[in-house]
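You will see subunit A twice below: alongside subunit B first, and alongside subunit C after that.
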Partner chain A sequence: MNGHMGKILRVNLTSRQISTINTADYEEWYGGHGIGSAIAFDLIDDWTIDGFDPGNVVTFMTSPLSGTIAPSASGRTEVQGIGVQAYPIAWFTRSNFGGRFSGMLKYAGWDGVVVEGAADSPVWVDIRNDEVQIRDASGLWGMTTWEAQEEIWRQVGADNVKDWRQIGSGRDSGRTTQRPAVVAIGPAGENLSRTACLLHDAGAGGGQGGFGAVLGSKNLKAISVLGTGSVQIGDPSALLDARIWAKNNYAMDLDNLTDGWTQLDFSDPVSAGYFGQGPLAPKVGRPSGCLGCISACRQRYETGQGNESICVEAVFYIGYDIMRHGQPTAANNIAADLLNQYGINAYEARTMLPWLIGLNAMGVLGPGMEIDTDLPFDQLGSAEFADVYLRAIAFREGKLGDDLAEGGARCAERWGRLDEDLASGLLDYAYWGLPNHGYDPRAELEWGYGSILGDRDINEHGFNPLFWRPTGDIAAGIEPYYSAELVATIYAEKMIPYEGDPLMVDYSTENMYSDHWAKTVAWQRHYTRFWKQSILYCDWRWPNFYNPYAPDDRGITVEGEPKFLNAVTGGNLSFAEGMELGRKIWNLDNAIWTLQGRHRDMVHFPEYIYTVPYPAGMSGPSYYLPGRENGNWTYIDVAGRVMDKAKFDEWKTKFYTLEGWDTSTGWPTRSTLEGLGLNKVADKLEANGKLGAS
Partner chain B sequence: MTEQTKEQSGVTRRDFLKVTSGVALGVVVGGVLYKLIPLGDGTVAYAASEGYLLVDAKKCQGCATCMLACSLAHEGVENLSLSRIQVLQNSFAGTPNDLSLVVCRQCVYPACAEACPTGALHVDESNGNVRTIDEDKCIGCLRCVEACINETSGVAWNPEEIHSQKCDLCADTPFWNEQGGAGGKQACIEVCPVSAILFTSEIPSEDIGYEVNLRGEAWASLGLPTD
Partner chain C sequence: MREDQLPEPSEELAARLLARVGFGNRFTATMVHPHTGPLAMDVYSFQHLVNLLNAPGLQIDFKALATWLDKVMGDAELAARTQAATEEGPQEKARSTARALMQERLEQCRVMIEEDPDLE
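And now, the complex of A and B:
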């Protein structure tokens, strides 16, 4: 397939053997998550093992679009393996990071990296085109993610002629002006904190799942890649034309910027960052984008503080900074940098902190209290506090570090507080012992449903424009930019193969447990499994349903996704065919979770989701979403809502029915699996007594 | 420019340009730019290019889309090492030193052409005097790569096809359906998400003239600096 380099690197850290997997053997899965799940299914036999077990396999996968000019689809890398973060079962899960690693891997001649086993001492993997070495990392161990990358840069390709680094010797061995692309773990991963992330460049994080600790358990400090080769393109002029078409019709137009709130998709302009601005805050210098991005979402700063951080690492501490100093200061940027350098998942750091502060206010946690701590709460909001708190998690320092390093759910369990704090919602961990992303299950239905029916906080923003734009407009006292009826119509047009049903985005309480919502969730699971997690279209730009630049308001989605893929591969896969592949991948994943011990009875939200009215807070006191009231489309404020436990349980049956899974267990059935060509998956489930009854 | 000089060489006043002392002069005779004009003091002149790329490195978002477009349009593959425009970055550095944007300056006195022993690197009169490489004549000595006055060489070595290559303002882009060259479009400009590259037919002055500020009110309205 054009777009594939033809080989996947396989590294066995126990034997220190390096071998190759033929990409062609997995070509039907295209790339990313599809190939990752398929390889993991082939390589892992006992799915009840712990994520720290050397038998765990971690995959880093590119797609045919990686390293190409496909817009906001070139720079992302999909990571998979048995996680260590989710609770009570740490599911086979995924993470994903942006930047330039996936492109560089392709230029080096590789479609992915598969890591198995565990080294008996710290190592890093050095990939330079087809030369691969497992190197001693004793000099890197203990370094932050930034220090380790800079040290590797010094060691790899230092020889250069006028800034062109040479790989190997000889005129024709390949040269590049680019630095090696490195993904590394920090001290948090080295110390097996379940909150540990992967980090690439300054701020491209693979945060969820605890993959930093999984790599730490394998003694793997970093993977570095430098490549100088070419990705073959099926139809080069069509690809270049498509990029220009996308830019001219759907992307930020500086001469004609649209007003209103961000949509978190293709039409967004570059932004000046999530950090606060002001005289005491570091000054933003430029937008900073991943390889091939249509509109950069990151930034770099004059002081370098906060470089390439956005989203939660940039905002998890900002409230405290402002509270202490009256305005944003460098403390917030420093906190983000420390988080990235120590290598910690921003959601854990963000969501444990108010829980600890709450326990402190209750008189439960503090110096000399029932949970004794030396955390200096009086310095909350300072860079010093951030450092003490983050070091506790990363280095297991202080009286509480060893507990905090386990992540909020297991920490609460150690303190005997898990049930109580999940009943009240003081510990805002909304699914599988994982932090609430913020798009709360009681409000943003597809987010909660998709997360609890899957393995993790989905972190898929495709439906959030339905919330952000109207909530911002209404708060500003203006008529929403798009009417609820129009957005529902447009979404319905594009949700192939379930097109034509606008009730799929009717977020009203009357509709939230309906068959329509079963279709919505199935649509999103399948779309993301293929188009985003396998073909690697970036979540911050894709899907794009409605678009203020387009004359008919319709966004680039449905036409755009296959256009770039087919220009690269030379094939003609349709959007719907991609959706069907997504369904196949999603079924394989559910089969794996079934082998890990999943049953529908455990698929439930924590108690507070069912009993505590949603207090909103993401964007003020209201949370508007489209829905029907008395048959008329309008924007409904769903703040204050709860999820009804019994109705949710009934709704699960609707979802399982739609997916063709055994409704009594949630397990896939033979007929569904065989219909997808997954016969051997059905066989394995049956051999383990886990095949769903048809 | 004096009447006396005009009488001696027949040059017109208008297009005379003195770049620096001891370096070549761009000279127009009868409306046609001459390729090589010996000036008696040992210096030679190359006909000035009819097109130049100016860049706003502070606006650049570091996405390398220009690089991806360049190798795609010229070579039909995606390969940053084959791109004739280069973006170098350091994720950990403060702006603006975190990024450098390297474009060929289409130098009025092209040191690369001067260094080339075979004439492979030459001024192409049929294409707006763009400085470009005749791949068949390139012997792979890489003197052009070393001679480039940019700190980062603007000349790339192609180890797959065994020849040097450099920016030709998209004069020869077999994989792009647009007319390129000094009179046409450039792929990097067409794709740049933030419009950080500008084409001009006026010869930029020395070093600073190739850097421009392309950030205006819209940029400022996004909260980004315009200085």
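And now, the complex of A and C:
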């Protein structure tokens, strides 16, 4: 297939053997998550092993679009394996990071890297085109993620960015001025903190799943890749035409801006002034982006602090910084840098902190208290506090650090507080012992349902404009730019194969347990599994449902996704066929979770989601989403809502029925799996006594 | 003295406004960011809340704020002024108005009572 390089690197750290997998053997999955799940299914026999077990397999996958000019689809890398973060079972899960790693891997001739086994001493993997070495990392062990990358650059001879580097000995074997793209773990990963992330360049993190610790358990400090090749494009002319088509029809018109909330659209311009720390930074920055991105939402700053941080790591500490200093200061950016250097998941760091502060205020945690710690709460908001707090997690410093390194859920369990603090919501961990993203299940149904039916906080923002636009407009005292009925109509048009049902985005309490929402969740699970996580369109740019600069306000989604993919592959895959592949991947993943021990009875939110009203409306903004009131479309305020536990449980039956799964267990059935060509998956489930009843 | 200036707080009220509150008396605001969604921020002191009102993307329920100022902080005058000033208009304007009032009160307190050394 055009867009593929033809081979996947297979590294066995136990035997130190290097081999290859033919990409063609997995071509039916296209790339990314699909190939990762399929390879993991083939290579992992016992799915009850722990994520720290050497039998765990970690895949780093690219897509046909990686390293091409497809907009906001070129720079993402999909990571999969059995995680160590979720609770009580650390599911087979995924993470994903941006930057330039995936493109560089393609340029080196590889569609992915599969890591098996565990080394008996620290190593790093050095990829320079076809030449792959497992190298000694004893000198890197103990370094931060940044130090390790810089040291690898030096060892590869790439510490001076102006120099040309020759790869191989032949005259035409390749030259480049690029530095290797390195993904590394920090002290948190080395110390097996379940909060440990992967870090590439300054701020491209793969946060969820605890993959930093999984690599730490394998004694794998880093993977470095330097490539000088190129990607074969099926129809280069069509790809260029598609870029021009997208610009002409969907790009923001800077001379005719619609309103202030266009950041969430595909069409948005460089958004460095808004996202991350743009308005928060004490010094001026300039935009920076992932490979091939049209947005450049990262920034680099005059101060050198907070560079390339864009997501929650850029703001996890900002509130405390401002509470202490009255304005954003360098403390916030330093905290972001420390987080990245130690290699810690920003959401765990962010969500554990208010819990600790609350326990301190309750007289439970602090000097001489039940949970005895000298964490200096009087320094909260300073860079010094951030360092003490983050070091404790990364290095397992003291009893507190050792507990926090386990992540919030397991830490609370150690302290005997898990049930109590999940009942009150003080521990805001909304699904599978993982931090609540902020798009709360009681409000944003697709986020909550999708997370609890899957393996992690989904972190998929495609429906968030339904909240941001009306809530932002209303908060600003202006009429919502789009009517609720219009956005529901547009979303309904684009949710193929369930198109034509606007009630799929009716967020009213009366509708939230309906068959319509079963379809919405299925649509998003299938869409993201293929288009975002396998083809690797960036979550922050795709999908685009409505767009004020587009024809008839209709965004690029449905037409755009296959247009770029087909131009690269030279194929003719339709949007609907991609959705069906997403369904196939989603079914394979559910089969794996079933093998790990999932049953519908455990698919529930923690108690506070069912009992504590969603507090946004009481202590913050109203939370407007489209819905019907007395039969009429409007923006309804869902703040103050709880989820009904019994009704949610009944709703799962609707979802399982729609997916063709056993409604009593949630397990996939043979007929559904075989209908997707997953016969061997059905056989494996049956052999393990886990096949759902048809 | 300006006509609309807040009357001087008593020393007892000033001390109360500059003290920290316990867990049950905390005030919860919300910070919103496109990547994170709305995230709750628990605030344990009046000074911190005044500072936090400068935060980009902060959202406040002003009725809850007025109730907190009255019942927890014991400042009925400030609560009434804040409530009156924030009853109408968009969130951003209301926040700016509330911040100005609360900043004025904070400065009055600071003049009266030595500042909390923990705060910069």
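Operating definition for what follows: the second predicted complex is superposed on the first by the 659 of 694 C-alpha atoms of A that agree within 3 Å, B and C clash if a C-alpha of one lies under 4 Å from a C-alpha of the other, contacts with A are read in each partner's own complex, and residues count from 1 in each chain.
The rule is simple: a contact is a pair of C-beta atoms (placed from the backbone, for glycine too) under 8 Å apart; a residue touches a chain by one contact, two chains touch by 3 or more.
Everything numeric here is computed off the predicted structure, so don't read it as measured data.
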Subunit C versus subunit B on the shared subunit A, clash or fit after superposition: fit
Which of subunit B and subunit C A:73 touches, first, second, both or neither: neither
Partner chain in contact with A:468 - subunit B first, subunit C second, else both or neither: second
Partner chain in contact with A:9 - subunit B first, subunit C second, else both or neither: neither
From subunit A, separation angle of subunit B and subunit C (C-alpha centres, steps of 10 degrees): 100
Partner chain in contact with A:150 - subunit B first, subunit C second, else both or neither: first
Of subunit B and subunit C, the chain that contacts the larger number of subunit A residues: B
Which superposed partner A:362 touches (first subunit B, second subunit C, both, neither): second
Closest approach of subunit C to subunit B (Cα atoms, Å): 13
Touching both subunit C and subunit B, counted on subunit A across the two superposed complexes: none
Contact set on subunit A toward subunit C in their complex: 263-264, 274-275, 279-280, 310-312, 315, 318-319, 322-328, 350, 354, 357-358, 361-363, 378, 382, 428, 437-440, 444, 461, 464, 467-468, 475-478, 540, 615-621, 623
List of subunit B residues in touch with subunit A within their complex: 58-65, 68-69, 71-73, 75-82, 86, 88-96, 98-99, 102, 140, 142, 145-146, 148, 150-153, 156-157, 159-160, 162, 175-177, 187, 190-191, 193-195, 216, 218-219, 221-225
Interfacial residue positions of subunit C with respect to subunit A in the complex: 22-23, 26-44, 48-52, 54-56, 59-61, 64, 89-93, 118-120
Residue ranges of subunit A in contact with subunit B within the complex: 67-69, 74, 100, 103, 106-107, 146, 150, 161-164, 171-179, 201-203, 228-233, 236-237, 239-241, 243-244, 247, 251-252, 254-255, 257, 269-273, 277, 283-296, 300-304, 307-308
